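In structure tokens below, several structures.
Two complexes are shown next, each including subunit A; its partner changes from subunit B in the first to subunit C in the second.
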Partner chain A sequence: MKIKPIHFLSRGYMISIFLVLLTAVVSIVIRSPFLTLSLTISDIFILLALAWDFSSGTTNYINFGISFFFGVGVFATGYFYYSFHLPVPLLFIMSTVFGILAGLVFTIPTVRVRGVFFTLLSLLLPLIGTSFILAFWTVLGMPTIGYFDIVQISKSPEVSLIYVSVLILVVLTLIYVVNSTHFGLVLKGIGDDESALVTQGVNSFPYKVVIFSVSMGIAGLAGAIYAMTTTFAGVDAFGLEFLLYPMVIAILGGKGKILGAIPAGYLIILMSQYLQQYVGDLTLMLFAALAIFLFLFLPKGISGWYK
Partner chain B sequence: MNILELRNISKSWGGNKALRDVSMEMESGIVGIVGPNGAGKTTLVNIIAGQNQASSGKVFYKGTDITSLPSYRRARMGIVKTFQVVRPFRSLTVRENVELFSKVRSQSNSEDILKITGMENFQDRFPVELPFGLLKKLEIAKALSANPDLLLLDEPFGGLGKDDIEKLSKFILDIKEIGKHMVIVEHKISALLPLVDKIVLLDRGETKFDGSVSEFKANEKIGELYFGGIINAGN
Partner chain C sequence: MIYGLLFGFVYALISAGFTLVFGVSKILNLSYGALYMTTAYLIYYFITFLRFPLTGAIVVSILLTVVIGIAIFYFVLRFTKNANIFMVTMLLFALLLQYLYSYLFGGEVGFIIPGPFPSASFSLAEVSVSYSLFLSAVISIAIVAFAWIWIEKSSFGRKVRATSEDVEVAELLGIDTRKVMMLILVISILFISIAAVLVVPSQEVTPDMWINPFVIAFAVSIIGGLGKFKWVIPSAMIVSFSEVASQYLIHYDVSEIVAFVIVIVFIILFPNGLGGRKNED
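Take a look at the complex of A and B:
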């Protein structure tokens, strides 16, 4: 069998890279703290959306637990900075590793079931995990409220954004390469008709374990960026918005169409950042309504619209 | 050595007995499984493929007891099934549908499979763009790409017109020529008989006949009872 070439010059991939780099350039040129922060937050949610879409979007195992793994990344960053004063690159690595480990613990028992049962487990197991972390936090001698004054990625917000942009490009390329291989074909096969796949000789279980663990590692990485951007690691990291926004972004970008998450992410998060100034907490409600609208009327997102 | 042997296979769904002590031996070639609706044909094939587990009884493949093996392990040993209702992977192209299974056993050549099945001109199309006859072929191409020794075809002629049945029949014989063994479940007895070396007739989960095609054709009682004399009319 010929090995399929990976087309790095594909239009979608190039547009995505261009958009990510453009945001970094715009931030350097305009030098608006609000815009730079908004773009960094957008990148964090784009990473979460990529993580969600990489696993749930392609395999159709709808995972409602991604905010837990994001929270694991946030807390891992706080813990390793406070306890060991690890430098920024190692904090990125540790939060990713902890995301992967938590992903393995979550995935191995859950991906044996499908459909609504998996979705329910994806909601319940992280809930148990969150409760466990919060309950034992003080017992383990950790600060009660959370970690303050976590190290920043860089003193300059613009330089931080460049680092984050590079991380997004690395993750994007990883996902793009994986999706272009036989592994990626199997993931799509799982999403289309898993029982037919298994009957004809492909054991889907290890593929699901790997993809969900890696995805949760990416969510952990997003958590590290968040912790170092806000310089705080607290309970809010497990909040609903870290599930809702990534899902809305992934669905608007086209479920399973990884590259659509980039433009959709900037659109959604920049809109929400501006709306937040005028309607405050109602923003989350508006985006929940948008999620319902997308599910009902635009299930294929902008990629379906484009076709 | 038998390529396939079933010993006293029974299967119950709730209180209903779908199969009762079905035994069968297959040395090589093509075996046809026929019978009226509800006879247990598809259930039997699903049990051979590992898609369903037998309530009792044993399945042997090339002398190895595979009764408790999951379906993907059986496929890796060489038993691959097609589905009664075609189940292509809709987000993948024809070529990708075939490549998906190319690593199941020894690396098979997707190009060859596409050529053998006559799908090479459609390799960049998505299943939704194919006519029904080609979807049936794609179903078999997918199975062939897993490089099986024993192919289980569940109603391959279902929904096809006369021309497509003729084309598919020729194709099945071509597959036999390259050394593949097959179990074919089929309603269309007149299309099936020219292809098979052996016939098994099931009715209400029991084996009513197990023998050669000539014996089957000679058995007037079976012909009248189950096929209204159609056995000879079709040939």
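Take a look at the complex of A and C:
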């Protein structure tokens, strides 16, 4: 099989860029704080969905740990802001780096074992995240259980959204390029039939380590954006809704089809933000039900539905 | 030491069902922890709103939990045969239940449900132990031991072991594996439900209470080897002793982290668990 050349002008990629830029423009024109906040939150979840789909969607190693690494990003942001007063760009970098490091620490021992164990262990991570913070919050120099008054990306929410949009475009391009190279091909091979790949003489281990660490770095970056949007880093960052929504988005957008996550993300999160105003806490339950429906009846997402 | 032993027995009961179901069906029932929570909420509901007597509430709640657990399991199994999708969907059901209870009963405040045993304490080897913990441990170990003997000795137990070795061969030998699976599922839900009755009175009923038993069941099952029932008790002991020790030596909240670290260490040392064979995948 020949490696396909990178087409930066491919339709899906152009539409995705257009959508991300459109949201930034719309928020500047309309200037509704609620809409801008909702779009920023959508972007955060889109980043998480990209991270999830990039690693789990292509390799078929289901990773439930994404909300843990998101939390790592959130707390890394809080820690470096509180202890060193780093500026915003460095906070982005540090949380990404810590996401990658945590990803490495987790992935290297666990990804050797086959799928089920990996999935189980990754699910344990967000579940123990809270107790980690409860046990060590004094060591981490937290004023209380969590950091508050974290610096905002920018004083103006619209400008923040522009920064976030740029970050999404960077991540999107990275994933797009990787998927078009030999590396992406190996990842797809792992997803299709890992034993066949190993028989071909490919050592899948380093590929898995790299892909999961980078994905977890992206999740950490999303955590940094979240911490600087809400200006708070608390244990709710390990909440499983940061796993639920990205999975719904990734599945709706089509598993392994990275670009589908962008329209699906705006759709799902904007819908959920507006629903939250009317039905409150019922929203999460409705989306859990939606997720079950999607996984059971439309596992290939909207794109699979059309065909 | 005493606490480690007593908690170890209870942990064995919590984990037994999880590992049994995996042994027979090779499926991870990720809604397992949520069923534990379901029992707790049902008991709370029956006692507070319907004024049931305690025993009645416990019996009805356990039965309802079994029905709910089986309904979820077979609903998902009806629509997918893909192991990954199955696993994700079961976890989503757990989340669905969590959000449902949080919506119905409120998420912030925990409830207390009464326990079946007196809360008074007595002295055991110079350590003060409450009757409820002691009796819970005794009942747990009795149930697990009974299940173990039953699986090792009875003819049904042989069918269970055959099914967990190889489903196709078991079917060729004339074993109705679907029936075996169904029964094992019922037993596993009974286990976790009874564990909830025993353990929950010493905790609060909150929408995220399923996490702790879930972590324990994972840790114990992975250390012992998924689906290896006879390793449940020793690995439950390993988990509970190290948890109790870490709570004394380090900090009360690190116990879950310790369980996790032990699991990682065991995964590296024994990729198939203590009961695993070397040539297994």
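Just so it is clear, the second predicted complex is superposed on the first by the 291 of 307 C-alpha atoms of A that agree within 3 Å, B and C clash if a C-alpha of one lies under 4 Å from a C-alpha of the other, contacts with A are read in each partner's own complex, and residues count from 1 in each chain.
Quick note on the criterion: a residue touches a chain if its C-beta (ideal position, glycine included) is under 8 Å from a C-beta of that chain, and two chains touch if they have at least 3 such contacts.
Everything numeric in this text was worked out from a predicted model, so none of it was measured.
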Assess the superposed three-chain arrangement around subunit A: do subunit B and subunit C clash, or do they fit?
fit
Count the residues of subunit A touched by subunit B and by subunit C, then name the partner with the higher count.
C
Have a look at where A:L282 lands relative to subunit B and subunit C in the superposition and call it first, second, both or neither.
second
Look at A:V116 in the shared chain and tell me whether it touches subunit B only, subunit C only, both, or neither; answer first, second, both or neither.
second
Considering only touches as defined above, state whether A:L185 meets subunit B (first), subunit C (second), both or neither.
first
So after the superposition, what angle do subunit B and subunit C open up at subunit A's Cα centre, nearest 10 degrees?
80
Should A:I292 be classified as contacting the first partner (subunit B), the second (subunit C), both, or neither?
second
Output check: A:L197 vs subunit B and subunit C. Expected answer is one of first, second, both, neither. What do you get?
first
CA minimum distance (subunit B, subunit C), superposed complexes, angstrom
8
Those residues of subunit A which subunit B touches in one complex and subunit C touches in the other:
none
What does subunit A use to touch subunit B in their complex?
1-2, 4, 182, 185-186, 188-189, 191-193, 195-203, 256
Along subunit C, where are the residues that touch subunit A in the complex?
28, 30, 76, 79-80, 82-85, 87-89, 91-93, 95-96, 98-100, 102-103, 107, 211, 214-215, 218-219, 222, 226, 250-257, 259-260, 263-264, 267-268, 271, 281
Touching subunit A in the complex: which residues of subunit B?
49-51, 70-73, 75-76, 80-81, 83, 87, 89-92, 96, 99-105, 107-111, 142-143, 146
Complex contacts: residues of subunit A adjacent to subunit C
60, 62, 64, 109-110, 112-117, 119-121, 123-125, 127-128, 131-132, 134-135, 240, 244, 247, 281-282, 284-285, 288-289, 291-292, 295-297, 299
